[in-house]
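Please see the structure below; I have some questions.
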Amino acid sequence: MKQIISIIAIVTIGFVLWQLVPIAMPSGFGAVTHHYVADGLKDNGGSNLVTSIVVNYRGFDTLGEVTVLFLSVSGAAFVLRRRSGLEVQEPVPASEIVQTGARMLFAPIVVFGAYIFVHGHLTPGGGFQGGAVIASGVLLLLLANRDRALPHGLLSWVESLSGFGFVLAGLAGLIVAGSFLANKGVLPLGQWNRLVSAGVIPIIYILIGLKVGSELSVLLDVMVHAAGDEEAN
Amino acid sequence: MNIVTWLNLVDLLVCLVVIISAIGAAVHRNLLAATVFAGVVSLAISFLFLRLAAPDVAMTEAAIGAGLSTVIFLIAVRRTEEVEGKDQ
Amino acid sequence: MVNPILLIGVPLAVAFLLPLVDMLGRRTARAVHLLTLAFELFVAGEWLVQFLHGAAAVNIITGGWAPPIGINLRLGPLEAALVCLAALTGIGSALYLAHHEEVGSLRGLVIQLLLVTGAIGLIMTRDVFNTFVFLEISGIGTYSIVIFGKERSALEAGFKYIALGGAASTFFLLGVAFLYKITGTLNLDDMIHKLPMAVVAGTGTVLLLLMVGIMSELKLFPLNGPAIDLYDGVEPGVMALIVGTTVNALFFVFWKISALYTGPAWAAMFASVGMTTFLVCNVLAIRQTRVRRMLGYSSSAQIGLLVFLVPFVKSGEVALSAIALLLVNHTFAKAGLLWLAGTHGGEKIKEWKGAFSDSLALRIALATFVLAMTGLPPFPGFWGKWQALVGLAQHGHGWWIGAVLVGSLFEFVYYFGWLKEALTPAETVPRGAVGSPLSEVFGSLLYAGLAIALGAKVLMQVWGGFKTPAIFLGAAGFVLLFIRALPERFKAALTLVAVAWVAWGVFAGARACPLWDIRGFFLVMVLFGAFVISVAGLGIPAERGSFWGLFLILVGSIIGILYSSSLLGFFAGWELMTWSSYLLVSQGRHGPKAGYLYMLFAAAAGLLVLGGMMVAESAGVTTLAALVSLSGGVALAAWGLLAVGFAVKVASWGAHIWAPGAYAESPDLFTPFLSGVISKIPIFGLAAVVARIAAPSVATAISSISVAHILGWVGGLTAFGMTLLAVFQEDMKKLLAYSSVGQVGYVVLAMALLTPLGWTAALYYAVNHFLFKGLLFLAIAGVIYRTGVRTFADTGGLIKRMPLSFIAVLIGIIALAGVPPLSGFAGKWLLYEALMDKGWLFLTAFMMLASVMAFLYCFRLIHSIFLGQLKDKDRNVREAPWPLLLAELLMVIPILALSVRPQLLIEPLQHLVTGVFGVPGVRFASAATMTTHFGYFNAAAMMALVVVLFLVLLFILLTVGPKPTKVKQLDIVYAAEVPPSPEELQYAWAFYRPYERAFAPLLKARVTAFWHGVVDVVEGVAEAGRRFYTGNAQTYVLYSVLFILVLAAFGLAR
Amino acid sequence: MPLGIKIAWSFLGVLVAIAYGLVIAGIIRKVMARIQGRIGPPVWQQFIDLGKVIFQRTATRHGWMFYLAPIFRAGGGIGLYLLIPVVIGVPALSNFSFNGDLLLVMYFIFFGSLGMALGAADSGHPHSPIGISRGLSQMTAYELPFALAMVALAAQVHSFSIHDIIMAQQGGILHWNLFANPLAAIAAFIAFLGMNMYAPFNIVGAPQEIPVGPPTEYNSIFLSLMMSGRAILAVAKIVLYMDLFLGGAHSILAAFVKTIIIYFWSVFVGAVFPRFRTEQAVRFFLGWPTVAGIAGVLLVLIR
Amino acid sequence: MMAGNELYVATGLIVILIGFATVLVKRNLLKIVIGFSLIDSGTNLLIVALGFYPGRTAPIVNNPDMLANRASLLVNTAKVVDPVPQALVLTAIVIGVGVTALMLAYVVRLYATGKTLDVRQFGRMKW
């Protein structure tokens, strides 16, 4: 009965939402968007406009987003903490090939992830994507070596300091340019399409990458080990 | 038929893949399979993101939506049940 | 000033660093956490002070870009206040949770801090998508922290909450994205500006999605299922944190975003959804047996009320401060209650018996929060509700006011039901704060203190400063509440001094205020009554330490009523009187149960009075004096509501069922005041409030009938019905209770005459009743104090042991019966003359019957206690303590004076009545003979006649015939048998059995059955209604979808 | 008229009224006996009884409240008598009636009963309170028709003054309230039966079952005062009825005739009907007599 | 041929609806989470499609002259798609994975306490 109502409700709401399709049709840019597109390069010196928006114009969102990730990882760890009645998973030893392969692949993967977020202001990709790539390296390690813990101390330091660094970068903007997370006026914007350009954007994006990478790694670790491995504290 | 039309056809096809996989994810009783279907949805969508001139989003969706998310799902499935109960 | 961005930046940085800080030790981490919150409080508080001194709100830009290019935040007075609240609650909860190992862990600390930060972000941000981000922070923070609680319950509740939250954030995100598409901006202010010009087909749907997203976060009906589970399942300290941070912030988000919603359709939607939530949740809360679940429903209801008010505030009809006060009030009280609930640990309401009986501060805090939650003064919610209702009234939203009042009544039902349990002494060792460290209860005490301080501040704006008698006595009482070490008799002496001091001040300044206007008249009665009670308190120690403090507060509140010239001041005093007397009633042995019933009816009376005042406000009337300007339907409605309200408060027939319990079970020391003084305040209300409105007439099928006449019959029925019931009581206090209510019925009847003579009769009768009923209750208090029993079957023959008490009762009942030569007859005489003068013939005869019936219980009272056979167990009973006798003497003297010279009272009344009607009530044919149109009466001559007859006959008795020998107690004519023991000889039980049989048809408890029926219906509705919350996560998500569809069906999706 | 002379006249009036009351009580006993086929006591038997109790050799008492019953009983009767004008136009026989109106009189009727109840209850004898319980119950019951009748009369005359009521009845027998408002009169006269506690409403004293109800423990001078009080109370009530319904009296002779008529009304009823139990009495008075009283008031309202 | 982005918008909507259907109809906790994941994906697709302009390129400036030349910058506004929805979705994806992870953690815990994934077994708190 409830399921029938549900289906009917979903179909009905489908019709309601269908009204929105015309709104979704292409229309001109608004003034704000126009500014982003027209002046994004001038403002921030990075060629990737999305990055400009994510890190500078709407950098505050991104700070929040990093917080969300931090919070949800903390939350998941909290939910899956010790004494939560979960069975400890028996470690299934991975095969020698996987273990060796994992160890060999880990470093290149991390380097690749770092590459992605270092170039975030120039090319597609950035902190999130790079962070995710790093996390996939960690996943590989986890798959290979379930019984051996990750370098928690290191992860913890990276996790904390990168987030703190993000806030510090914001505060630097506040102190130097009078506005939290400001870019213009804090560091020189540099030349177009250079690695070292776009002011603080690459720095922040690197921090984001580290933050996301470490967070996702911890998340994977938490999910895999759950009760077997207590939250850092 | 020019290239644009072809690409449009591909888009249509991918969209169909998205929808079918989504239905698969919704109905398949094997939770591992359903998870994989969900991953396919994400992957196909990340392709669509590319077509929507959103490489950044595409990368993110591929890495996080299709990759990481799926992995977490798989871990969760492994830690619980792999098959949906009969009356569920 | 500190840059407000740091309000978010600093806690974020600290949260990120906390895992590193924790390596230095958990204590350090906790300290850093607390320091951060203190920093927030300091910064926001500093800004708040600036804003209150008129500083403009500040805009904070981020990324170096002014809005709408960049994201901006705003800190204004509202924001600063909310941030302060969030920080304060954060501190309170942090201290509380520090005692709960797990949530006090590192992760717990991080999540707590981020919850506060998320809320601050929600409060300050002016960007729609940024709002979404902070919504997610708050949401995830909540999802994470709620896991702390009872394992499975918290898990279940948390999952449901995530599920609904997931749906909600999808709706919200879709709404934001489409709004961006429509307006081309994400900045809220920009969007508000651009949206009206950019409306396209489907905009309504987009707005609807956004709104449903917010509404389900706000836990409005029907989307509040998971939230209520959360309250139930999650550690209450955590919920307190969420209430103080997220809930407030979400409401503020709603407030900000609602600027996008223009037009009457949306306003109607907000109002309807809010009010539905308020009503439904309050009704459903009634049937809850679990404390925190009940609190959950209450929270939903309160937020519903706030949401309801938003469109009216937007339209300028209701003052913004109304919402602010209500929100602050809710935060204080709800967070405080949750902390207390956690400290106490009782999950079921039943487990709260004797709660915190070892901690005065916590008990005061609990009472404060319950009073604040139910919108009683002086707490902020009261003023907020008043402002809200005034705004609604002035713009013709009468039905909405009615709905608010009905919903509020339900609040009283469940909150005071809970308080009743808490006030009931526990049979076993009570649970409570045994050894709870100060830091755990710090938050509750802080919030209780803030609620009191804030409330008192507003009250003093309304009533005046410490120099006014009302505030002075209230403050003195409040101080006295906390003094535990002093003996009760000493506290009584302090009370005596305080009352005497105020009385001296009042009467010394009497030249300034005409004492013999209606206020002065009641003022004398109140102060005299309070004085007598304090004297009696020197003899009988109060049983509870809070007696005298509450008593002073009560007296202060009554004086506040009398002094008030505005409707608000009057009503504030009225409600203060309600709760302080309620708490005093609850101090009796079975007081909490009786007090609960008392409170319910008093609350209903208060809401009726409030409704009547709102009708007056709707006509622009704000002072008592301006009530005369009312006319037509407004006058009828105001008159009716106020009169019914006052009639309920005097326990008129139909609403009388609260009275016997409240009178009988209240502390013996308090009952004289309850019966003597408090029952007169509604009479003051009739005189000073209702009577100012020209009594309108109601057209009926036959002829139009004055509403005053109806009120007169209510009074008459009360007088008759209560007298009849009093006759059959087996409990001396219950007998006097029914008698009291009946006697006040006469007063109501006489007031309703609205003639000079009628008022003379009413006020004379009121004073007389105050004197003799106070006297009787005092004397009975002495008897109970000495014998320890209250039922007639357990006493008898006490005249031999307590002759002075006997004389007091004798004088009391003769005055009560209205038999010449004592003062009571003048009251009866005036009443009948007035009734006949008005032409209410049937009522005259009816009242004559009722008066004669009073003889039955009068005799019963004195006989069963003092006459007949002295019981063996009472052979060593001593006379009542001398202070009590002194108090009785203080009452006896005026009675005797009035018996000889009723003019002592009548003459001032002549002035008073002339002041009101322009003509005096009676005339004096000679110095001693009163005349009316109908008759005449010379009290002095009559007294002389009686005294002479008495002396002559006594002389005959003593001189004629043989000298009588005194015989022993059992030496009676007993058919030549040896009489059995005194216990068997005393004819005291079921004294009027034949009479009872004769009146059997009238005595069926119809009224009680009626109220039981009402209760059954309400509980039935609540019981059926709460099935709506099936407990299934999917159902709740389905509700959110259906909610959109329903609203779309109402045409909002355009 | 100087107060001293007035007091003297009143004192004389009281003595006469007591004697008259005792005589008619004797008459009623005689008549009742004859109706029941007995010879019955002599008419002056009441005087013999009174003398007997006064000169009893021993007297006993209980507590000090015990004294109150006779005083209140006699005081109530005398006071009531003193507040009612016996013969209009003769100041000496209008007593102290200018100090209070009908309302005062109505309340003074209770004065004696209540006082006696208080004193009697002090004796500790269970029969006293039982009798009081019955008496008070009955008192409230007849009060309703009585009050209705009084209200009707007062409304009719627009005064509670007994003088005004008498004056309004002058000018012929049809102006008597007995005929001017027969419904109120019916109510009042039925109430009268209960008020005097004559048969069939005499369960209070309840001869045969309980020795003598409230006065059970009394003897000697106590009892004699009570008997006197009872006698004058009866007379006072009859005089009141005469004033209210039979147009008062302009001479002592008229007063004598009219009071005898009223008295025999109650004797006649008492001889015909069996005694009511308390609850029956209560129900009875709240039934048709009340309806009659209401109708009497309506009659006034319609006029 | 459709010239706009209806296809993507429609696909996004349908995925959202399928996700909702899963959440409402399926009783398996994991399936419900999968449903939410589908809703997220659909929403993201929908939002990116909102900012799509057929025929335009990704919002990346690939001509250095633009810095100097205001006019060509303005031309650029007609060449690239709207970057804002992309930025929003970037954020939304990360938030989505966070929420999903938390939900899964809940599911794992619920399973540990109840040894079942049937959502009906977790409705003991009600009314």
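For reference, chains read A, B, C, D and E in written order, and residue numbers begin at 1 within each chain.
Throughout what follows, contacts are C-beta pairs under 8 Å (C-beta built on N, C-alpha and C of every residue); 3 or more make two chains touch, one makes a residue touch a chain.
This structure is a prediction, so every number in the text was calculated from the model and none was measured.
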Neighbouring chains shared between chain A and chain E, ordered by label: B, C
Other chains in touch with both chain A and chain B: E
Per Cα centroids, the chain farthest from chain B: D
Comparison of C-D and B-E (more C-beta pairs in contact): C-D
Chain centre separation in whole Å, for chain C relative to chain A (CA means): 54
Mean-CA-position distance for chain D and chain A (Å): 105
Cα-centroid distance, chain B relative to chain D, in whole angstrom: 107
Sequence positions of chain A contacting 2 or more other chains: 6, 9-10, 13, 17, 20, 24, 29, 32-33, 36, 48, 50, 58, 61, 64-65, 68, 71-72, 75-76, 79, 85-86, 124, 128, 216, 219, 223, 226
Junction residues of chain E - those touching two or more other chains: 5, 10, 16, 20-21, 24-25, 27, 40, 46, 49-50, 52, 58-60, 80, 84, 86, 90-91, 93-95, 97-99, 101-102, 104, 106-109, 113
For chain D, residues that touch 2 or more chains besides their own: none
Contact pairs between chains, per stated definition: A-B, A-C, A-E, B-E, C-D, C-E
Footprint of chain C on chain A - complex, ascending: 2, 5-6, 9-10, 12-13, 16-17, 19-20, 22-24, 27, 29-33, 35-36, 43, 56-61, 63-65, 67-68, 70-72, 74-79, 81, 85, 156-157, 159-164, 166-168, 170-171, 173-174, 177-185, 231-233
Chain C residues within the chain A interface of the complex: 3, 5, 9, 12-13, 15-20, 22, 60-65, 68-71, 102, 105-108, 110-111, 114, 117-118, 121, 127, 129-130, 133-134, 136-137, 140-141, 143-145, 147, 151, 178, 181-187, 190, 200-203, 205-206, 1034-1035, 1038, 1041-1042, 1044-1045, 1048, 1053
Residues of chain B touching chain A in the complex: 54-60, 63-64, 67-68, 71-72, 75-76, 79
In the complex, chain D residues that touch chain C: 54-63, 65, 67, 70-71, 74-75, 78-79, 82, 96, 98-104, 106-108, 110-111, 114, 117-118, 121-126, 129-130, 132-134, 136-137, 139-141, 143-144, 147-148, 150-152, 154-155, 158-161, 211, 216-217, 220-222, 224-225, 277-280, 282-283, 286, 293-294, 297, 300-301
Chain E to chain B touching residues, read off their complex: 1, 5, 7-8, 10-11, 14-15, 18-19, 21-22, 26-28, 30-31, 33-35, 37-38, 40-42, 44-45, 48-49, 51-52, 56-60, 80-81, 86, 89-90, 93-94, 96-97, 100-101, 104, 107-108, 111, 116-118
